[in-house]
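After this come two complexes, each holding chain A, first together with chain B and then together with chain C.
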Partner chain A sequence: MTTVLGIACFYHDAAAALVRDGDIVAAAQEERFSRKKHDPRFPRHAINYCLEEAFVEPDALDAVVFYDDPVLSFDRVVKSLLAVAPRGEDVWAKAGPSFLGVKLFAARYVRDLLGQDVPVLFTRHHLSHAASAFYPSPFERAAVLTLDGVGEWATTSLALGDGSALRTLAEIHFPHSLGLLYSAFTYFCGFKVNSGEYKLMGLAPYGEPRFADRIRENLIHVRPDGSFRLDMDYFGFLDSPVVTNERFAALFEGPPRAPESKITRREMDLAASIQIVTEEVVLALARHARSVADAPDLCLAGGVALNCVANGVLLREKVFDRIWIQPAAGDAGGALGAALAASHLHFGVPRRVREDGRDAQRGSYLGPAYSGEEVRAFLDWHDLPYEVVSDRGARAERIAAALDEGKVVGLLSGRMEFGPRALGGRSVLGDPRSAETQTLMNLKIKYRESFRPFAPSVLAERASRYFDLDVESPYMLLVAPVREERRRPFDRSAFDAGDDDMLAMVRQARSDVPAVTHLDYSARVQTVREDDQPEYHAILEAFERRTGCAAVVNTSFNVRGEPIVCSPQDAYRCFMRTEMDLLVLEDCLLWKEKQPESESDDSWRQEYELD
Partner chain B sequence: MARSLFRYHATLGHQFIPGIRARVLHEGGGYLLRTNAAGFRCGHEFRPERRADTFRILLFGDSYTAGDGVSDGQRYGDVLETLLPGVEVFNFGLSGTGTDQQYLAWREYGAAIEHDLVVIGVLVENIRRVVSHYRPFRTHEGDDVALAKPYFSLEPGGALSLHHVPVPREPRDEGDLASNEAFDRGGRLPALRIALNRLGPGVKDALQRLTRYQPLPEYDRADGAEWGLLEAILRRWLSELQAPAIVCPIPLYQYVEETASPAGYLARFRSLHAPPSVVVHDPLPAFHAHRRAERRRFRFEHDCHLTPAGHRVLAESLATAIGPLVARGGEPA
Partner chain C sequence: MSSTEDERRARRFYRRHLAPTAERLRARSVRFFALGPDEAESWFEPPPQGSDFFALEDLEGALRERWQADGLPELAALASRLAELADALEIREQDSADVSPFVYVMY
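== the complex of A and B ==
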């Protein structure tokens, strides 16, 4: 038996994953345990959880594998800074000690945590990403595209996976990076780099791509094979702590938007423009990959693979027969990829592709679960009122009835998701039929007024009735159009005349599932199968029986800036801090009006930084 | 944040959550544990009927017996099973309890189970826990609170009265407790202990050696109130047993490492008035059989619980007392 623990840390989104004989046993992000969003620290809690799930002692580990090569990363930092010296002193002061003092001592961290020496291996950052996408995929042979900010030197890579083998075919090197280009616009539009990219993507449908040519002509030169170069005269990430500079600002008509300030038409247009350019580059890279890799299917990983709009375009263009995207496509997924790469490439564990054509990601429900006994222990200890509904069907009916009445439901069920999306394990649910749901859930649960609609979860067997989607999307990584017959016209005359009020637009019903329909009639879809998450599937079925609608609103179980909840304690705390109506903790139902009064001050809101 | 291990229990105060598999972060590298359906950290489910070819021991104690700091399989109860073939140990050890709560666990869970021997592992520090009404507890959120525990009082006629059952749930602030609500501060001079702990285990050890620190003066007098209560609880417990029993006073590290004199507690346990079927087994000589320099490895660097090596010494010592009983089918010599 070969047991390998993968870890990713020290940059952002630290995580750990454990793989046994090539099978994924456990994976989790450190933030879920430490309650610090995007926690980059050594993932001691996540490692502890992985060993707990596998129920193995450290001496059973064949290796601990670090997700990148700190020596190569250090080499890149040094050479990049030398290239711009003496500029970049600030960057060096910040990054130097991080690489020297921390990354090179990963093995010591492992020994201190586990109390014994375990062989520590290092893999390559992009190999980790590629492994995280290929090995769990349902494909025997596939091209693998990894697109992210940077890992060691690589920013973009093409690999070929075939059986147990995974071979890198080509790379684009730092500083030429599609991920960093997108992050530059994220920063420029006033969102947080490495976490606010999804906001920029959600903003794009409001804008016109009037800057797209300016981006193509000045910032990125794309060759026919999809490879590209950035003009570094516009970027700051070589020699300053910020990613854009004054030339960038001059090109896009003014300084960066201050975080939390009003979003103007310029930011909307910038979002639309960079989205189009990103899609073009991804498509060109995919076409090149198809031509050189001689494989019918494509796997995607790296932070850019979380751009589900681009993924949807890629799917509809049918460059490849099938696409599989690692749901933890960012750095956290590197932990899983490192463990898989070491298992198959270093230890020679043969890869087994599932015969039923499904992937090996287990629905990405790879985190901890809490038994009914554990839930009741917590509730009883604190003498909290709850009702046990043991029968799944009866429980689903109760939850569906609450949703039908416009109630908002927090759901903690089974194992926690690995990756940034809540998929019914740690989700907040609402009624998608109501135009009010979006505003209600934003203001009362997320404490934000967002221009982005929520995402739908839909019964996999009914998905095509709602969306133009002919494949499954279990990980909420594909954006698909709402079907034509469900769409409703809405009035955008004021917006088109120059009124920048996005919320007035988003509050208008655009379909018969308005809470999950974006301005461009798109939706970020999760299809739900019974064998992936039977509890969630039962809720959707019950909701359909009651209302005729086979979809619900699904948003992550957290308030803004907070990591998604992990434990029943986290869930209860979040429930009491928000205006959710019903909390489902496994087989226990808790109604808000029956709970004792909670903390009255809202100083906890300062605990969490905004994206 | 770590998985919670305990639930409220109306009689015991708390117990393990049934049916969990957990790994606890710890300075020793972390440890794995399972709990059975009855809510004890035991690899066996508590079936009342005993197989004819099995010698069943019911083992009671606190965190030293439950095995804080070490994985299942490394605890002295588990090691006993490997040392004595045919022996089955039902481990009722419960972290954070005193002998009073362990007696209540016997009454509620153990008494109805067929067995050949009862082993009561009395961490000698339990003398302090039995006189306390509240115990320190760190909540899931990291707050330090005082939780009520069940406790006995010794009445003038020698009878034991049970209080705090059902155990109050509401956590209290230590500062809010009245002077007659005894709180287990985990030892003498708590403020000094906290300060010394910050300086590191080496400084603390050196200071204890230099001052010949005596951790448990409660054992110094045979007529002391604390020993009177502990002895009364043990006597009542032993009087209710139908099978032979071993009372094993588990020494603190100061006694193992000979920085403090064990004379007080050894004298008290030797004088324990118990039925003939009860053996008081002192494992201290087994620890002292090792060179002084080696004994430091029987506890962790910071945590004073037994390491796997410490558990092994304790198990091997107990095996010398239990082995002959097993050979005689449980009959006392």
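== the complex of A and C ==
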């Protein structure tokens, strides 16, 4: 038996994953336990969880594998400093000590935590990403494309996976990075780098891509094979504490938007422009991958692979027969990839592709679960009123009835998801048929920006009735158009005439499932199968029986700036701090109006730094 | 050690060692990466050579070996000083509080 623990940390989204004989046993992000969003620190809680889940003592581990090569990363840091010296001293003074004092000592952290002389191995960042995408995929042979900000020197890699083998064919190197280019626009539009990219993508349909030519002509130069270079004259990330510079600002008609200030038409148009350019580059890279890898299928990972709009374009262009995207495509997934890569490439564990054509990611439900007994013990201890509904069907009917009445439901069911998306394990659900749901859930449940769209979960067997999507999308990583016959015209004349009020458009029904239909009639779809998440599937079936609608709104169970909830305690706290109506903790139902008074002010919001 | 002291130490190291090394390398026209497009037909690079998995017991040796192999004796000579600096900096969890979340933390 070969047991390997993978870890990723010290940059953003620390995580741990445990793989036994090539099978994924457990994986979790540190933020879910520490309650600090995107927590980069050494993932001691996630490691402890993985070991407990697998019933493994540290001395039974064949290796702990770190997802990144610190020597190669340090080589890049030093050479980048030397390339721009004497500029760059300030950045070095701020960030250098944490690199030198922490990132070079991953092995010491592991041994301190585990108290054992466990073998600690290191691998490469993009190999970890590629392994996270290829090994769990349902493909025997596939091209593998990884794109992110930077890992060691690589920002993009092209690999070929075949059986148990995985070989990197080519890379694009720092500072030329599609991830950093997208992050530059994220920053420039007033959002946080490494977390605001999703907002930028959601903002894009509000704008016109009037800056796309400026981006193509000045910022990124692309060869026919998809390889690209940035023009560093426009960027600040080599030698200053900000990612763009004055030349960038001059190109885009003014300084960066201040965080939390009003979003103007310029930001909307910038978002639309960088989105379209990103899609073009991803498509060009994919076409090149298809030609050199000679494989019919494609696997994707790296932070850029979370751009589900680009993924949807890639799917519809049919460059590859099939696409599989690692749900934890960002750095957290590197922990899983490092463990899988070591299992198959270093320890020689043969890879087994599932015979039923499905992937080996287990629906990405790889985190902790809490039994009904544990939930009840928590509720009884705190003397909280609840109702037990043991029968799954009856429970689903109650939840569906609440949704039908316009109530918002928090759901904690089974194992927690690995990756940034909530997939029915730690979700907040709403009625997609109401045009008011999007505004209500944004402003009163999530406390986030009103323009942000929500995603639908739909019964897998009904997905094609709602969306132009002919493949499953279990991980909410594909954007698909809402079917033509479901669309409704809406009035954007005031907006087109220059009124920047996005909320006025958001409140208009754009389809018969308006809460999950974005401005461009697109939707970020999760298809739900009974064998992946029977509880969630039962809720969707019950909602369909009651309403005729086989979809619900699914958003992550958290408020803005908070990590997705992990435990029943986290879920109850979040439930009481928002205007959710019903909380489902396994087989226990808790109604808001029956709960005792809790915090009467909103000072708790200071706990979470806005994302 | 406080973060202010760490920062001061890092600055001192930069001025004493890194900046002069940069000047020496610049004097012999060493260039680490392109800062923009050039005439090449493709900008793909070959992947790194060497084993996909390794243990890291000797940081200083690994750095020196890498930079010697790159033909950079100026940097190889810095390996022991960088390793000393790393040892001198207190091992603790990363605290990014003084680095804005609106910047890409390249390090």
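Criterion: the second predicted complex is superposed on the first by the 610 of 611 C-alpha atoms of A that agree within 3 Å, B and C clash if a C-alpha of one lies under 4 Å from a C-alpha of the other, contacts with A are read in each partner's own complex, and residues count from 1 in each chain.
Criterion: a residue touches a chain if its C-beta (ideal position, glycine included) is under 8 Å from a C-beta of that chain, and two chains touch if they have at least 3 such contacts.
On a predicted model such as this, the values are computed, not experimentally measured, just so you know.
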Chain C versus chain B on the shared chain A, clash or fit after superposition: fit
Mind working out whether A:L583 is in touch with chain B, chain C, both or neither, as first, second, both or neither? neither
Taking the superposition as given, does A:L345 touch the first partner, chain B, the second, chain C, both, or neither? second
Based on the superposed arrangement, let me know which partner A:V19 touches: chain B (first), chain C (second), both, or neither? neither
Counting residues of chain A in contact, which comes out ahead: chain B or chain C? C
Give one of first, second, both or neither to describe whether A:L114 is in contact with chain B, with chain C, with both, or with none. first
After the superposition on A, what does A:A204 contact: first (chain B), second (chain C), both or neither? neither
Between the centres of chain B and chain C, viewed from chain A's Cα centre, what angle do you get? Round it to the nearest 10 degrees, please. 90
Chain B versus chain C - smallest C-alpha distance in the overlay, whole Å: 17
Residues of chain B touching chain A in their complex? 1-4, 6-8, 17-25, 27-30, 32, 71, 140-141, 169
Can you name the residues of chain A that touch chain B in the complex? 33-35, 44-45, 48-49, 51-52, 55-58, 113-116, 368, 370-371, 373-374, 376-378, 380-381, 383, 566-567, 569-570
Listed in rising order, chain A residues that touch chain C in their complex are 10-12, 40-42, 65, 69-72, 74-75, 77-83, 85-86, 89, 91-105, 107-108, 119-124, 127, 149-150, 152-154, 157-158, 168-176, 180, 183, 187, 192-195, 221, 223, 225, 227-233, 237-238, 241-243, 259, 341-342, 345-346, 609
Chain C - residues contacting chain A, complex: 3, 6-7, 9-11, 14-15, 18-19, 21-23, 25, 31-38, 40-48, 52-56, 59, 62-63, 66-67, 75, 78, 82, 85-86, 89-96, 98-107
